[in-house]
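Read from first to last, the chains carry the letters A, B, C and D; within each, the first residue is number 1.
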Amino acid sequence: MDTMDTDASSCPENSQKQDFDQKIFVNRSLTLENVKCYGFDMDYTLAVYKSPDYESLGFELIRDRMVSIGYPHEILRYTYDPSFPTRGLVVDTTYGNLLKVDSNGNILVCSHGFLFLKGDDIDKYYPNKFIQRGDTDRFYILNTLFNLSETYLYACLVDFFTRCNRYTNLLKGYQHGDLLMSYRTMFQDVRGAMDFIHNTGILKEKTIKNLDKYVLKDEKIPVLLSRIKTVAKLFIATNSDYKYTEAIMKYLLEGSVTRASPKDCWRSFFDLIVVDTKKPLFFAEGTVLRQVDTDTGKLRIGTYTGDLQHGTVYSGGSSDMVSDLLNVKGKEILYVGDHIFGDILKSKKRQGWKTFLVVPELTKVLSVWEEKKNVFDELKRLDIFLAELYKHQDSSSRERPDISAIQARMRVLTHRMDMAYSQMGSLLRSGSRQTLFASQLMRYADLYSSTCSNLLHYPFNYLFLAPPVLMPHEVTTQNYDFGSSQIPTVTNHTIGN
Amino acid sequence: MDTMDTDASSCPENSQKQDFDQKIFVNRSLTLENVKCYGFDMDYTLAVYKSPDYESLGFELIRDRMVSIGYPHEILRYTYDPSFPTRGLVVDTTYGNLLKVDSNGNILVCSHGFLFLKGDDIDKYYPNKFIQRGDTDRFYILNTLFNLSETYLYACLVDFFTRCNRYTNLLKGYQHGDLLMSYRTMFQDVRGAMDFIHNTGILKEKTIKNLDKYVLKDEKIPVLLSRIKTVAKLFIATNSDYKYTEAIMKYLLEGSVTRASPKDCWRSFFDLIVVDTKKPLFFAEGTVLRQVDTDTGKLRIGTYTGDLQHGTVYSGGSSDMVSDLLNVKGKEILYVGDHIFGDILKSKKRQGWKTFLVVPELTKVLSVWEEKKNVFDELKRLDIFLAELYKHQDSSSRERPDISAIQARMRVLTHRMDMAYSQMGSLLRSGSRQTLFASQLMRYADLYSSTCSNLLHYPFNYLFLAPPVLMPHEVTTQNYDFGSSQIPTVTNHTIGN
Amino acid sequence: MDTMDTDASSCPENSQKQDFDQKIFVNRSLTLENVKCYGFDMDYTLAVYKSPDYESLGFELIRDRMVSIGYPHEILRYTYDPSFPTRGLVVDTTYGNLLKVDSNGNILVCSHGFLFLKGDDIDKYYPNKFIQRGDTDRFYILNTLFNLSETYLYACLVDFFTRCNRYTNLLKGYQHGDLLMSYRTMFQDVRGAMDFIHNTGILKEKTIKNLDKYVLKDEKIPVLLSRIKTVAKLFIATNSDYKYTEAIMKYLLEGSVTRASPKDCWRSFFDLIVVDTKKPLFFAEGTVLRQVDTDTGKLRIGTYTGDLQHGTVYSGGSSDMVSDLLNVKGKEILYVGDHIFGDILKSKKRQGWKTFLVVPELTKVLSVWEEKKNVFDELKRLDIFLAELYKHQDSSSRERPDISAIQARMRVLTHRMDMAYSQMGSLLRSGSRQTLFASQLMRYADLYSSTCSNLLHYPFNYLFLAPPVLMPHEVTTQNYDFGSSQIPTVTNHTIGN
Amino acid sequence: MDTMDTDASSCPENSQKQDFDQKIFVNRSLTLENVKCYGFDMDYTLAVYKSPDYESLGFELIRDRMVSIGYPHEILRYTYDPSFPTRGLVVDTTYGNLLKVDSNGNILVCSHGFLFLKGDDIDKYYPNKFIQRGDTDRFYILNTLFNLSETYLYACLVDFFTRCNRYTNLLKGYQHGDLLMSYRTMFQDVRGAMDFIHNTGILKEKTIKNLDKYVLKDEKIPVLLSRIKTVAKLFIATNSDYKYTEAIMKYLLEGSVTRASPKDCWRSFFDLIVVDTKKPLFFAEGTVLRQVDTDTGKLRIGTYTGDLQHGTVYSGGSSDMVSDLLNVKGKEILYVGDHIFGDILKSKKRQGWKTFLVVPELTKVLSVWEEKKNVFDELKRLDIFLAELYKHQDSSSRERPDISAIQARMRVLTHRMDMAYSQMGSLLRSGSRQTLFASQLMRYADLYSSTCSNLLHYPFNYLFLAPPVLMPHEVTTQNYDFGSSQIPTVTNHTIGN
């Protein structure tokens, strides 16, 4: 426990800069004392996969699968490049582009293969630089960390076919003799390859064979779960099957040096274990709840109807059954997961659960935010300068300040910030504009942090206080008006749109 | 023009406190110079109805209609009380309650008739103090200013039947002999009465007969439109019919002392006039576009297919046709309206238009914000105090600060703020928590203001800069951490939930 | 009662040929003794409108309405021609054609205005002479006798615009300067005019003013209802409102010479009276059940929840409520109506009711069937002849009998039969092929007859026996094989398709 | 060829009674000469599986799978009994019953396990002896011959659990300690087991290993296909994958003694071969059309866009692509299949194709029809007798003939007929009433026969003439009135309902 005590004592209020990564951030205030039950997703929540090794593994498996179903051998030359993709991108299956969009469907970044398109070129595809996100048949959102490898593979394919002179470039794909490789079928093939490596169990098998390489053994996890157990109920709800769940959780929870009784079974950490949850269906009508035979890993027949039995593992079910079995109400549950849609949006919208989103990228985000402070400061000054230019004018004015030089400088600074993350920029922003992912994070996640183990740094009666969300008219009237020296950082302008 | 020049010169930057009401607030930065076309809704946008006279008129007409279809004569005793309803409330047609909710469906305020329910009583109806907003068959949102009179009438009905001893109170309504008055059919009757006064034209007739009483003759409107006309295209798109539109627009635009040629027809102000638009359908597939015979007010048969003809009035159509006829792209249109769903959300989400929401309540909101400054300041200090209490603790801590006295004080202050607006509180907040309406306003309206004529105070090449929307982790790291003295006002906590 | 006894004694078994019109025909055997409850629709069921006077009235009202909304005055020259339209036609709103189709969507007859298209011309519009009936947005079925006037008016409009040289003929409508008159909007206008004359009450008003001209006063109706009353429960369920229902039913049931107490109120005939039923919704979830104040005709507020009260009139409700109030099960109800979809299909499919379809056209159908016996006989002989030609061949045969002369003759005979009904032919057939209407009649109506008063000719314990529906392999093996002299009449071939 | 010539010469017109099994029956007349293209399904159409060996194989595989997922070992005692199930039954997943229904949802036969329920017991489950077929979430139709084994297994499970005293019988399933075995989850498990044996390829593997045991090697098939090839285009469209299709078709078509060049590849018989068709999706929007590499059995990447290449095999696609590739219109295609919904209803309704349904059960049906002639004749006489009883009565009559003895006798005869087929009776009838399957067969299949090879017995310019489908009023007036001695056989009465 020594290690942990040291860790835990370095609580966020100590205000050293490395500590930000240990903080939990708050979108809506939450009294931890009212939480009677903690729920956890497994993948990328309790079990954090090591980047980029794990994404590389996924990339290679789907790449090889693509070749085995007939894609050219040349694509075997591509290897995973973690500096390219960002989570939350949107694939346009009609034109083969990867898009970064804001919550209203405005395009922030657009790439075709590895080529980044500029203003006019984007306009040719998307007249208003705008997409109707609702068209889910055409646009597919790559929301999870599992999607990173297919995001990159799709870019590789577009890159390859665009440059390979055996293929003719068409608006919606490529032609080679009688064959049409449409962007749409190419994406279907990538999705099919992804399903293949998941359904056949290849990815899981390789992961389990080399757990130290692919899964972070965070010693704080068993400490956290043990502490929670003393104050609240605790469950795990994962879409993974029992065999895989058992392998991963054993690795994470059993034989830890920090545990009093290291021989304890991983299942004893939880009041309820539910596998094969089929989220997001789990948060709606759900599926049949069955018991898992923990010896064989097989399902028992029939539906379980009895009381909660400790150490029993269930398959399927629904979030309503969790509430019933654990005898807690939706608002008393804090659910911790990594999937903005499947874990967080659905549990919040359908069930009113309290939500905690794990965002591993936050570590990088916070460090960039720190390093590029001078860039932010310059952008801030340019904003104030712009605002000053239009003072003392009204609708009868005809003079027009020349702002093109300022705008050009702002674009340079914005690009410099973006590049600090990756070629597609930050998960959360493009310059001063927030991504769809960021706006969903703010709407649906009550809390968020780079890892769930940061809960260790807060007492279980903590009052998480949200920073104020002031509306523009409130900001203004509270002397946060433009022109004042207190104006906070980068503004949310959309220059050039 | 003299009046106007004076008005216009008192532009917002002069930083006198009464000026806030003349400001336009910015959710997303917008370069006015890029706007090639301005569109306006009519009702409550160009034509502002005088409150509470107009709501009283509506209330009396639907109240009388209710009696004429068989409701007890006793309800004639009720008169409209503007201090009760707030726009944006949700009717629960199952239990007859009026709810004020946040964007996640959490209940902020709940009334049954004129009785305000407290914590435990709310929990009996809504176990988690949470509703699934998506259940539109059960929950009806009273989004527009037109809905205020029916909001109040519904509260009157619930009040009457609850207290009348001829009726037995049931969970879902009232019993009187063989008759069941369910909350659901009562609401259907109110909606039916509302449709009746609109469809028969009674409300419009009475409005037109007494325009000075019911419609604000804002001299700035013709000035604004004239100025816009010199720099951009201009259209009106209203769900009203031609006859009513003509009566209202003549009153607003013709014979104005501020016009160069006061005899000009109101139609000459616009490049395109579209009535019977059936928004929100207008922003989707739309309806058949027909010409209106401006002599008779009747529709011409067939569909208009020619080029835009000046002064011609059209009926129906769709937003796509507007773009085609005026030859502008969605992003070049700034649409000004008052209906968060029908005007703003739909034009933004489906068409990518720039949006300006007119929020007449903002005048009151801004003045309360000013008057109650001392209350905010006290709330702010309490917040900081709370945050300090938990410092230097982690998850192994067991001590529990006693915060009940602070919370009680915060509830008193919150209630005091709410009452400054009306019995249901502000359109935008309940204490520190934002309403569903506020969150939709922030998501979908690029600009908002108490009246569209405030556009007069800005040059047509203005760069509207949005205040920054920082995410919690960005706020924190930029020294807006709690405990610092710069922390802005009221926080978004949900104490007691 | 004397008259009636005479009538009733001429029961169908007397085997005189004029008697067929007094028969009830049977699709599925039904033991009348098991029927505990009889339900009746009003319009075209109890109240038979006189043809063609009533259709002419409807035609003139919608024609005049069309002119008043801007259609050319020239269409006033058209008057209703009962020899043209047939019930059950399908309007193709894309190309403006009237189609007669079979149950699989194959086109039997196709007219454009008054022009009947032939094989190749039909193929141009409908490549396979086939439509996807499921596309209800495009195809509208004119199922009821009320639709006859609009069917004819639509043909008139297409005729007028096609021949008027001010208009250019396009594929999907007509062009006149800037105006496009699409077939689609023209049909919307006709439907709009129809709604107008129904909603404003003009049609009802004119009907009530001249009942003797428009409504058949069938003296057998009160006799029938009186007799049913002695053996079973009895209700009326009509989409008409109370005022109109009362006017019509008074005329039909009160003051009849055949009644014992002619002063009795019409309501005393029924156990339950339901108006405003909104069928087909009535057979699904229904609407709120309310009482009608029979003095004022207005609805009482609230929902009626008590027991059945005799003589009380209800508005709305659902078929489930009828079962509950009368305490009968679906299978014990025989429902008599004229609307194949709204009355018969829905009550059968959703509720399992026994059904009786009133088909006034049957009188004509039966008389044509009798008159054209020689045509049928010739068709029968040609069929047998055709079948003989292919005997003694198998798939290795190469000889090809020349049957073109026979087919030509069959087409002539088929056309001659069709013309005996009207220009669009019979409601039930086109030559030997059955219409969609006929197939729905056979699937959903247990009984059918030209009038409901034919029930008088059967005892209330009658066993209606359906003629056998043999499948082709059963017909064949039972010596109804082709070539035998017992082969029944016209075969169901599709020559020329 | 000798055998075939003999076969073919014994064409149906030779009027020996065994020949009926070689006939093709006609629901709608069809001129074979107009057919430009023949399409075939493979399974149960070209490839007829030997009954009951094949069903036994399927039964055993899913039975064993059930045990391996946890069902009690006792069920291994059950073996397939071909005398129990009938195709076309409906499973009620709520109450675990097997239902035989007519086209209106009236229940004809109802079994619970192997127990056949009688009138009142059926009424307890289904108040009107009526189900709403549209509730596809609850009712599952076992339409295909593949479903026979699961039909029987489900009956076995219900039988076992009902009689096993470890389980308590509940309304919707069985209880055993904490476990609820609901009828619903039991059916899901059966379906799951069925999917398992299909998806893992176990069933296919075992079939291919023992082709002679499981697949009928009909020498007429290659003869038929060769002859068709000389007069029309020819394709195969199967949901099976390429490897399985190749194994089956090689067995059926290659090395046949009746072929001129027995070494020819099976693919040379067809103009177009499409596997993985995903019918019924194939008849709607379809899937991506890809080429199959016939060496490896794998799909080629990309979409095929060129002209038709002979001997090329395609995967996926849609019926529209078939029309395009073969350059034929829907009405020129005769499609031969065994699946009433997936093959026949969809191709007819969506595409207007001509349809030929293969109904292997017809052999048995026809022989029973022959053997039981005396039973039919007695039923016929009883019908006529019943009809006579009610003559000379009208609605004023009060006398009531006693028909209970006749009805009892009719029930005995009906049961005797049913038992001649199997315990659930005929695929097509229950006594005189037609099943849902029979009515769909009559609506959607233009032709039907016990095997597709019966096409050999007809010349390719044959005119298939449908027996007349007379409506009841036409039957009656054409002297097929009841009481006449010409009345055909069993009537369609529903005595006792």
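Keep in mind that, in the parts below, contacts are C-beta pairs under 8 Å (C-beta built on N, C-alpha and C of every residue); 3 or more make two chains touch, one makes a residue touch a chain.
No experiment lies behind these values; they were computed from the predicted model shown.
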{"item": "Most distant chain from chain C, judged by the mean position of its C-alpha atoms", "value": "A"}
{"item": "Between chain B and chain C, centroid-to-centroid distance (C-alpha), Å", "value": "50"}
{"item": "Inter-centroid spacing, chain C versus chain A (mean Cα positions, whole Å)", "value": "60"}
{"item": "Distance between chain centroids, defined by C-alpha means - chain A, chain B (Å)", "value": "34"}
{"item": "Of all residues in chain D, the ones touching two or more other chains", "value": "none"}
{"item": "Listing of all chain pairs that touch each other, if any do", "value": "A-B, A-D, B-C, C-D"}
{"item": "List of chain B residues in touch with chain C within their complex", "value": "69-71, 174-182, 185, 188-189, 288, 291, 293, 298-306"}
{"item": "Chain C partner contacts - residues on chain D that touch it in the complex", "value": "8-9, 11, 13, 15, 20, 23, 25-31, 33-34, 103-106, 127-130, 132, 134, 224, 227, 329-331, 348-350, 352, 362, 365-366, 369-370, 383, 386-387, 389-401, 403, 428, 432, 434, 438-439, 441-444, 448, 455-463, 465-478, 480-483, 486-497"}
